[in-house]
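Every chain is named by a letter (A, B, C and D) in the order it is written, and numbering of its residues begins at 1.
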Amino acid sequence: MTIAQFLVLSAALFSIGIYGVLVRRNAVLVLLSVELMLAAVNINFVAFGRYFADATAGGQMFALFIITVAAAEVGIGLAIVLLIFRNRASANIDELDVLKW
Amino acid sequence: MFDYHALAPDFIVAGTVLAVLGADLFLPAGRKWLSAVVGILGLTLALIPIATLAAGDEGVRAMLDGSYVIDDFALVLKVFFILTGYIVLLMSVAYIEEDRYYQGEYYFLLLASLLGGMVMASSRDLVTLFVGLELVSGPAFLLAGWRKADSRSNEAALKFFVIGVLSAAILVYGMSLVYGMTGSLTFEGIRAASASVAEEPVFVLGILLVLVGFGFKISAVPFHFWAPDTYEGAPTPVTAYLSVGSKAAGFVGVLLVTYVAFGGAPDIWGPTLWILAALSMVVGNLIALRQENIVRLLAYSSIAHAGFMLVPFAAAGLVEGASLNQAFEATVSYVLIYGIMNLGAFAVVIAAARRTGSGQIRDWAGLGSYAPGISILLTLFLFSLAGIPPLAGWYAKFVMFLAVLQDANGWTIVLAAIAAVNAVIALYYYARVVQSVWMDAPPEHINPEPEPTGVSPSLGLAFGMLAVAVVVVGVFPELIAQFAKAASLIAGG
Amino acid sequence: MDLSIAQNWFFIIIALAMVMASLIVVTTRNVMHAALMLVGALAGSAALFVLLGAEFVAGVIVLVYIGAIIVLFLFGVMITRVEIGRSQSLDHERKWPAAVIAIGTFAVLAGSSVAFFGDEEIEGVAAVRTSDIGTAIFERFVVPFEVVSFVLLAALIGGIVLARRDDPES
Amino acid sequence: MVTAALLGPAVLAAIDGAVERSDGGVLAAGAWLIVLVPFVAALAITLFGKRLPRHGAELAVAAVGFVALYGTALLLTTLFGDGIVHEGAVKIGEFGGFEIEWAWVVDGLSIMMFFVVGVVSTACFVYAVGYLEGDVRPTAFFASFTLFAGAMLMLVSAANLIQLLIGWELVGVSSYLLIGHYWEQKENSSAGMKAFLVNKIADIGLMIGIIIAGITVGSFTISKIMEKVVESDAALDDVAVIIAVLLFIGAMGKSAQFPFHVWLPDAMAGPTPVSALMHAATMVTAGVYLVARMFPLFEEMAHEALDVALVIGAITLVIAGLLAIVQDDIKRVLAYSTLSQLGYMVAALGAGAYTAGLFHLFTHAFFKSLLFLGAGSVIHAVHSNNMSDMGGLRKDMPRTFWTFMIGSAALAGLPIFSGFFSKDEILAAFREGDHTIVFLLGVATAFITALYMTRAISLTFFGRYKGDGHPHESPSIMVYPMIGLAGAAATAGFINIPGLTDWFYKLVTTRLVPAELLGEHATSFDWTALGLGVLAGVAGIALGYRLYYPDAATQQERDRLYIPGLWPVLENKYYIDDLYMNGIVNPIKGPVARFINWTNSYIIDFVVNVVGFATRSLGWVVYSGIDQRGIDLAINEAGAATGFAGSKLRYIQTGKVQQYAAALFGGAIVLVIGFWISVT
């Protein structure tokens, strides 16, 4: 296995995630897309960790922390989405443009 | 392996975070504000080990493979975060009590976010830096939406959150590339390994993505868009915290990664930050000219200030043989002084908005005629932000110009010129508010009679202390300069 | 890429599946499908981690993501009453700018990586043992570990406060 | 390191840290009081002023009175003693190897300024007590006024450029507060804003100049920079021109030199004592002071910058002089006149005449503040700024009239009055330096000066009263300061008569730098310059008298072509009218009378009218064509353009979070691609 093949795959996932973030209207779907981007980062870290044969398991550790942080972010994000849904009966983020200019 | 003395400040603040949460369980509904007192006591306690560490003069205390460090930089910034926490707690008490929204949890989140900043100040590897940054951001996302019934606050939180997680994803992607190129997570290791790969596009890409991630946090143009909307919608004490504490955390990150981790590749971050500095100053100031809401105006002004703070980086990165310490010192001085004056501005904005019942500048016309005390303080803080001597802000601008002109070349002179023009533009919109406050007639719907509910004591204490600090630091900048100088010792390895 | 090695075939299959699944996540008109396809993509990454000898991370992915986060998402979908089934209005009208940005990002990231790393192989080093990871967490990475617990605690408490319905009188 | 930081404040608090660079006795060592007392007074007025019987005015007067006495004591000590040169400092900060300190310099130059600021301030403050009787917010006024005095004194006492800059900026802030004092009228607060902004633009130039100077020399202390000048330091020599030009840009802002002059006339919106003190006597001289303070740098290393100063000063003196002819607002006449006189000072320094420039600063401070106070007295009486509402006040306000006459005589440079000596020294310096064109412009402006002052006096004090009500002489508290200043305006010139007295020269060259670096000093009259100057003044008075003396009710009538006449015999207004009506058609006065009359009507009248018309038209052209349309427009347009850019730029903030996200990625990609291109 070459390192490059993992990097290309992660670049693909990351870019697909970006696309999702930009086109999805529903906040939950935007969050799903962000998860894709973070999954791409995890692949990078684990692959590099293996590539360097990192004695402290740095790559894997970073991936674990990202997974944990992502879990926290999903919790925060869904709480905010719920809050907005309760006030506006919609989870579409492009309808939020009271604050501008 | 553990230096418990060195970890004591962080432990105490962490304990305080939990104590606030615990206290909230037992406090009766009418006494929830006592949890703020618990927080203040805890923060005060945390200053004690910091003082003993500072007095110890044992040099750098490093732990965990050098990934967690107590040095002068860490101590100075920890004190800064603790004092920021103090002020924001004082500002929040009356504000949050009025809303009666989960005070205990509010203080818990605020202190947790501060703890993140303190961790970042000590972190010397990518993992700790990233996790610390997330601890700064996560609670902040929630705090921005704390006024649950207010749809503007909801919107502020969601925008902040979406852009925040995106930029976090970009940041860690960048970090993964840096790790991939250097095989190290500690700044020391990255710095050592970066010499051989400094020219490689993947490494450049990694650095750029890391800077983009922090660019969000410091709200540099073009990563600033969330800031005005979030600042306007969030509860004002939270906005004050975001514009000072959270931004300072971002600058801690930028300072550490550029000077320490990527210290061997200044020709990459130098030009990047040159561009971000120029764009932030110009765009922030020009849009601020047209703002009618005071908080939005301060939001754009804080974007412009981020630009000013980035100016010394450009000098350090673009000039051969420039003094890194001095550029570092200039940015740290600016961050510290900006913290004082911007917190002060927000404290006064809270008081003035309560008095006038509005955040629109036109409704503040004639404030000076019926609330002169608030108006004098507002004038003081705005003039300080504008950089008028002998208020603290002048020294910040002065060292910024000094740093960028000291080792000058064509690029830094152009940047200095841009900064100079922007300093004039900035004066205009600050002076416009002052002019309106003192020299326009009050609108008819304002009741100029003195109100029974004046400024709350805690808020008064907050801006009283800050006002004294703005004047004293302006007259004796040595007070700040010493700390900034001490902190700058880590620059340039 | 040397196609005579079985691992590479595994990689190709998993990678193609992941890309397909992710594309469905960002394009499908059915919200449920999107969430389930994310499960697929993450499962693929877990499989890759096994391939890379990172079994512990793979296990965490399965437990945390597939076991917990996706359930959270499904709750989110249901509570916010996004139409389950096909929906016309999940996307914006203008997708081209987003597509251009995404393709540009891919080109830059993938291109620079390939240009630098070329055919460099990942050496077959013994997999990191889970006990090593445990040691690392509680020694070298103990500070971030503690900090991340605060992140989770804050997310938990704050999330509850924001998400709960307040009593009308307070 | 942090320990040191924690201990720092304790060390700072002790004044033991003060450094003295040379001795000058107890009086000099305590000179920091001059700066401190006004600031303390300003603070006290802000805090307690409202509770005092005179709303804080008593504190303000006491503070500046103290400064005046201290300044006088220092002046006398220097004039009759060995001369004081003293520098004291308290270190307050350090950045990158630069010591930042509060330091005060007591030498001839700063003593001269202490004296001027102290004396003129005292006069203006006492006057203001009467002028502001019944004002809406006297406490705010006296607080800012005292703050201004402190700031100006900090500026002139600064031993280093940082402190100078701080005083400089504070002067701008207090000016802004005072110009906008009557903010109920919108244009007043806008005028304050305009002054603030125009100054700030120039101040940025000053700040950068100071920073470059500090970086090059390694210190911001002026005497250290001067040491390098004396040593002909090569590094400083390389950038001296840039530094000097940037410093001069700052000076142009504060001293309202073309094209930064636009703020000064608008600043007349402030109360008249403010105009007298700040916009005539002190604040506007800060630029001249700065150039004088740094003069050896300009003279030895940056002669190009002096040439710039000469040209800018010359342009200002003519343009502003012409503008003064066509104003109806009496304060604006004086404002443009101030600009013109500042032009003289700057041009004098530009020609290398250090002493002459400062001497004019000195005399001008007295006579111009006197004129402003007189104008204020008149305005106070008739409740209008417009000369078309005045006239005939000579009888109603005799003391104002006579003091105003003395001030005008000094301004016009009539012999023995103070302006005569200073202006002629400047004209002589122009000739000495072979600046023939500037010399001729200076003479022409002397003519113009006399013309507009005669016009102002005629319209205000002669003819018949055209305003409402019955004007009365101002109260004594306003008149006595004017009388005091009139005494100074009449006699201040005697301290520097070429060949007789050289006290002033001695005073301003008592500095740490050797006197050779401070320009030449005339030891005898230059009779040509003197003659031409006086001639021009007399001619200006004569023409003004001829054109304006027969006061008329309306602007249209005033600008009509009158019956010719240059001599005092045509004093009687009706006689002139008579001559005009009947001169040609009624030759009853005999052939001689007819001949004189004919000559008078056709030749002299023609010449007089052409000259008068040409000057006046030129004034209008400059005023409406260049000043109001060109420069004002440019400044307003620049403001509008930035505002416009701001108003359009804000629409990028659409409120849609995904567009923000796209910008974030877009920005990142642009950065990356930019690098890609530059790396490969």
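Definition applied: contacts are C-beta pairs under 8 Å (C-beta built on N, C-alpha and C of every residue); 3 or more make two chains touch, one makes a residue touch a chain.
What you see is a predicted model, and the numbers here were worked out from it, not measured in a lab.
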Pair with more cross-chain C-beta pairs in contact, given A-D and A-B: A-B
Inter-chain centre distance, subunit A versus subunit D - centres from mean C-alpha coordinates, in Å: 64
Interchain centroid distance [CA atoms averaged], subunit A/subunit B, Å: 26
Approximate Å spacing (C-alpha centroids) for the pair subunit B, subunit C: 32
Chain centre separation in whole Å, for subunit C relative to subunit A (CA means): 7
Shared-contact residues (touching 2 or more other chains) in subunit D: 650, 653, 655, 657-658, 661-662, 665-666, 672, 676
Residue list for subunit C, restricted to those that touch at least two other chains: 92, 97-98, 101, 105, 108-109, 112-113, 117, 140-141, 144, 148, 151, 154-155, 158-159, 162
Junction residues of subunit A - those touching two or more other chains: 3, 7, 14, 17-18, 21-23, 27, 30-31, 47, 51, 56, 61, 65, 69, 72-73, 76, 79-81, 83, 93-94, 96, 98-100
Touch-based graph of the chains, sorted into line, ring, star, complete or other: complete
Residues of subunit C that touch subunit A when the two form their complex: 1, 5, 7-8, 11, 15, 18-19, 22-23, 25-26, 31, 34-35, 38, 41-42, 45, 48-49, 51-54, 56-57, 60-61, 64-65, 68-69, 72-73, 75-77, 79-82, 89-92, 95, 97-99, 101-103, 105-106, 109-110, 113-114, 117-123, 125, 128, 132-133, 136-137, 140-141, 144, 148, 151-152, 154-156, 158-160, 162-163, 165
In the complex with subunit C, residue positions of subunit B that touch it: 1, 14, 17, 21, 63-65, 67-68, 100, 102, 105, 108-109, 112-113, 115-116, 119, 123, 127-128, 130-132, 134-135, 138-139, 142-143, 145-146, 148-149, 157, 173, 181, 200-202, 205
For the subunit B and subunit D complex, residues of the former touching the latter: 51, 54-55, 57, 72, 75-76, 158-159, 162-163, 166-167, 170, 199, 201, 204-205, 208-209, 212, 215-216, 222-223, 225-226, 228-229, 268, 272, 275, 283, 286-291, 323, 325-326, 329-330, 333, 376, 383, 388-390, 394-395, 398-399, 401-403, 405-406, 416, 420-421, 423-425, 427-428, 431-432, 435, 438-441, 475-479, 481-483, 485-486, 489
Contact footprint of subunit A on subunit D as seen in their complex: 650-651, 653-658, 661-662, 665
In the complex with subunit D, residue positions of subunit A that touch it: 18, 21-23, 30, 93-94, 96-101
